[in-house]
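Shared between the two complexes below is subunit A, which pairs with subunit B and subunit C, respectively.
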Partner chain A sequence: MATTTPQKVGWSVANVVTIVLVLIPLVWIISLSFKTTGSITDPTYFPVHWTWSNYSGILTTSTFLRPLLNSVGIGAIATFVAVVLASMAAYAVARLNFPGKSVLIGVSLLIAMFPAIALATPLFNIERVLGLFNTWPGLIIPYVATGLPLGIYTLSAFFREIPWELEKAAKVDGATPFQAFVRVIAPLAAPGMVTTAILVFLFCWNEFLLAITLTATTASRTAPAALSFFTGSSQFAVPTGSISAAAVVITIPIIIFVLFFQRRIVAGLTSGAVKG
Partner chain B sequence: MTTTTPPVTVEEPVAGRRGRPKLSEGARAERRLGWMLCAPAVIVMVAVTAYPIGYAIYISLQRYILSAPQLTKFVGLSNYGAILSSPFWWHALLVTIIITVVSVAIEFVLGMCLALLMYRTIWGKGGIRTTILIPYGIVTVAAAFSWLYAWTPSTGYLSALFNNSAPLTSQPKAIAIIILAEVWKTTAFMALLLMAGLSLVPEDLLKAAKVDGATAWQRFTRIMLPLMKPAILVALLFRTLDAFRIFDNIFILTQGNNGTGSVSILNYDNLFTGLNFGLGSAMSVLILICVAIIAVLFIKGFGTAAPGTSLQR
Partner chain C sequence: MAEIILEHVTKRFPDGALAVDDFNLDIADGEFVILVGPSGCGKSTTLNMIAGLEDITSGELLIGGQVVNQKSPKDRDIAMVFQSYALYPHMTVRENMGFALKLAKTPRDVINQKVEEAARILDLTQHLDRKPANLSGGQRQRVAMGRAIVRDPAAFLMDEPLSNLDAKLRVQTRTEVSRLQRRLGTTMVYVTHDQVEALTLGDRVAVMRSGILQQVASPQELYDRPVNLFVAGFIGSPSMNFMSGTLEEGKLRTALGDIPIAGQLQQDLAGANVGRDVIVGIRPENFEDGALVPAENRHNGMTFPATIDVVESLGSEKFVYFSKELGAVETAELAELARDSGRAEGGAAAETVVARLDPATQITEGQDAELWVDVRAVHVFDPASGKNLTRGVSGASATITGGSGEAAPAPAQPDTGTGTTDQDSGSATTPPR
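Our next item is the complex of A and B:
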């Protein structure tokens, strides 16, 4: 479909407007990260006094690098586990008949609803007893549990849309149900899976409350929690410069992650796969 | 042999005859498979949340103030009564509902526009999608701080828009600012889910409609929207449930002062500042009930688009 010039111009304008509006607050954060602590309260949009000291400060201390590693590791593992488990459950929900299905949906939703504030203290108690406190699994398991409802819902919406005939065809060709799933269904549900993975990962990345409650040292503390322990130039100063610098540094892996995955989001259903 | 039809008629991939069994071998296998597939997910979810929820309900029936543990005693539903008769609760509920409805509505419209943009724009797809997703990837606390600085008079570039009148201390303006912070951050969530939903719409249908003379708006409302219903349900439902429990942005921007507190802020104040675990737990349960009501309304409203219903075979 040939694109006419007015169309091109239209899309370009939309692109540019969107990018600018989204980036204005972002550039503000970046500029905050370059302001000296003395000039943090300047009302200028761009820093008048530039400094790299915020960045050098955070990147040379292990109290930030290690949490960054924790965030990446915990987020990646939790995302992987959540997507796998959610795919299995979503497949069952979307394709199979079994009693208790709607109860499962309802309960999983209810679980996602519970205010995290009330979850924090009991989880703290359990994890201490089980020896999971301040460990990676200690955060991974709650994150998986919180990401599962969204994953199940999203993926079952996708699985439902895939034509049943494809699976039958695969079975006729001799595939086991597992093979049918891996080779036929999963690729078609890729948009849903990638979307779920991105959302779960970003949730783990951002999560703050459980991160500060269930960790005590840099052994397992994630980046958002580490942010809250930053100290400023004096005990009365909020270390906005360091926090902004840390936020920028933390966001860079996200950008890479999303850039890498975003193409898969619209791998697209092969709508021609089932003719007639 | 009595033939009882199975609760749901199952069309079997196994060729040929099945008769009318009590429950065919295939159907039984299907059930087992269904349960087995769901089991890991269910186990994880229940294991993590069963004890805390049970514990919270148990505590909510007691008078349990951490700073005076010797006064602990069972008080039945009086915590709930205290909350429901308190104007603070109803005020916070109203603020929460306003913030939720407005921000979800804005995010839905914007998210839909962005989804269309991300899906169909002619150049720079990767860049656009990544840019839109960045706000969602920034740690909420850091973003909230940056907004705080932007709106505080004499430290930020935005407060000049209001003649330096400290907009964060006036209730309607502060709520608007909170909504802005929420929308900037989580529109990406909606846009992402809606874009994935857009990918479910077959290109051929749209082309055929175009050939038949449908305008872009008609193509949008008559073809895209209905086919996206499951994705829309997921996006709206989860976003609403999250928005109802808003906490981080309000906490950093206003600490809930000047009448901007949501129910979660109220909950936090009671639990951690007032150390009143009994009241706080009761509030958590009430929030859960509110949220459950919202979920039920959504699912009922969306009908067959809900997952787990009306398998098309």
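Our next item is the complex of A and C:
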């Protein structure tokens, strides 16, 4: 498709507008995180007095560092479990014909569609009874459940693209179905698994509603939830600076992730769009 | 090393489609058997059943004297080469070839030794540490073969292993496959839709159509004594010319002229009713330029006039095409053959006769020529059942004969660009991922 000059100009303008709209709040947060407590309410967009105190403050207290660790741990475990389960389920969906296949796909879609707020209170009660409240598994289990539909969808698209003859060849070569999966199919679906892992991890990392409902202390609270528990230097001071600094800290890994893996993320989001 | 026996093997897919119907075949130890037929005839399904990749609906499959119906592929001791080669893209050539042995927990040094030996046979030694994606089509094909031979299996199964190669490489590799099988002496079942491949490679060739085994015989036998219209039309390139005919007292009336019923033909047709409609089949190579037939041979045939439409000279032979009112010879079998060879429109093509003449012929396009046809080579078929009424053919002949290479009929030798042989030579060389 040839693009004319007016088209180029039009697209450039649209792109610039979009980028500016997205960047204004982001830059604002960064700017706030460098302002001193006294100058937070300044009517200036960029800080007049630069300070690292917000960062040094949050990075020396366990009210933020421990949740950061929780976020990494819970996110990593939930991602790992979700990808392992999703790859098996997706393989079945892509390769096998079994009764109830469409029901399985339907139900997994249903889970993805369910509004999280409707689950928050029931989960809170269930987890209190089961003793899972305010523990890592208490967050990992719902995260896995929410990550699975996404994983199954993304991975089954990847599995469908692997030639079936490879599996036949592995079987004839003497592999059991499990060996064929682990040694031939799974390595070939590795790009899909990485993509799925990234998407699930981003979801876990950003999740707020369940994180704040199902945790009570820094023993299991994740970073986004911890932000809302920051307190100012006095009862009447709003900890805007600290929150901004923490927000920047937890956004950095996401930005790095996306910059590194943007191709994969796009592949994951669009896989199945053309085929399957 | 093992014999493979299929007894009343039937495959019905869950949707009810009958893919293979009551298939019976004994494959001797060390024999090279080809399954050939147009696409959709059930040949690949049969191979997959032997491999254990498809369940057998009914009947029994024996490998080395054991019923293996319920055994998974890994317990059957067979190796398979796939059309797409199905090389593992994430493994090097060495790992690809050693994969089966690794799964069988063979010691590492034994694996290395066997892989290197196979690589030497197949001339792959310098490529052992490359990935399949970096190999040419021919090299990939050899890796697929290598993966099969390092196993030293009871039998090789090949599913159109050459169809992704270009025409020239295919002819080369064909010879290599043949040599390899003779060298290893392992039972081999080979599926192809290319009748030239079938005739040149196999000790015996099994022709299939719509899931039903038509005839199993040596290549020469298939060519000389096809049991029915389908086999007659499928084997040979260019394929046999068919025309309608009527049996009369002492002669066979056809569009080309009256063929005297004498000699062998007389014996074969002794029981046939006068006035009966038949289909007459004449191979292109049974025609000759009337001017070139030696006088002492003339009485073996009959001459007829024909207006030549097209002359194709291949140097070693000339194909001439002429039109005749041949009469309707539409049967399901011939329609299927026409479809398979891409002559779907039928009509015009069905009215054209191909003759293969001595290159010395002076016949030119548009000329009214006198052609001679060897009436001893005429086949007569029953239009209803498609059965061959001549050559004492009755039922499927199943004699085991060795040495196919020498026995292969003349038309199979040059890989000419005519007929059904090359229809897929342009088909893409889709590399495996």
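Miscellaneous remarks
One rule holds in what follows: the second predicted complex is superposed on the first by the 210 of 276 C-alpha atoms of A that agree within 3 Å, B and C clash if a C-alpha of one lies under 4 Å from a C-alpha of the other, contacts with A are read in each partner's own complex, and residues count from 1 in each chain.
Here is the rule we use: a contact is a pair of C-beta atoms (placed from the backbone, for glycine too) under 8 Å apart; a residue touches a chain by one contact, two chains touch by 3 or more.
These numbers come from a predicted model, not from an experiment.
By the touch criterion defined above, A:34 lies against neither subunit B nor subunit C after alignment on the C-alpha atoms of chain A. With both structures placed on the common chain, the touch criterion links A:133 to neither subunit B nor subunit C. Residue contacts after overlaying the shared chain place A:184 against subunit C, while subunit B stays out of touching range.
Once chain A of one complex is fitted onto chain A of the other, the partner contacts of A:175 are limited to subunit C, with no touch recorded for subunit B.
In the superposed model, A:166 lies in contact with subunit C only, and not with subunit B. In the superposed model, A:64 makes contact with neither subunit B nor subunit C. By the document's definition of touching, neither partner reaches A:55: not subunit B, not subunit C. Comparing which residues of subunit A touch subunit B with which touch subunit C, the overlap comprises 168, 171.
The touching residues of subunit A, when paired with subunit C in their complex, are 162-163, 165-166, 168-176, 179, 183-184, 187-188. Of all residues in subunit A, those touching subunit B in their complex are 3, 7-8, 11-12, 14-15, 18-19, 22-23, 25-26, 28-29, 32, 40-45, 85-86, 88-102, 104-105, 107-119, 121-123, 126, 141-142, 144-146, 148-150, 152-154, 156-158, 160-161, 164, 167-168, 171, 177, 191-192, 194-195, 198-199, 202, 205-206, 208, 223-224, 227-228, 238, 240, 243-244, 246-247, 250-251, 254-255, 258-259, 262-263, 265-269, 271-272. Those residues of subunit C that touch subunit A in the complex are listed here as 48, 51-53, 72-74, 78-80, 82-84, 86-90, 99-100, 103-104, 147, 151, 157, 432-433.
Touching subunit A in their complex are the following residues of subunit B: 7-8, 10, 13, 27, 30-31, 33-35, 37-38, 40-42, 44-49, 51-53, 55-56, 114, 117, 119-143, 145-147, 149-150, 154-157, 159-160, 184, 189, 192-193, 195-200, 202-204, 230-231, 233-234, 237-238, 241, 245, 247-248, 264, 267-268, 271-272, 280-281, 284, 287-288, 291-292, 295, 306-309, 311-313.
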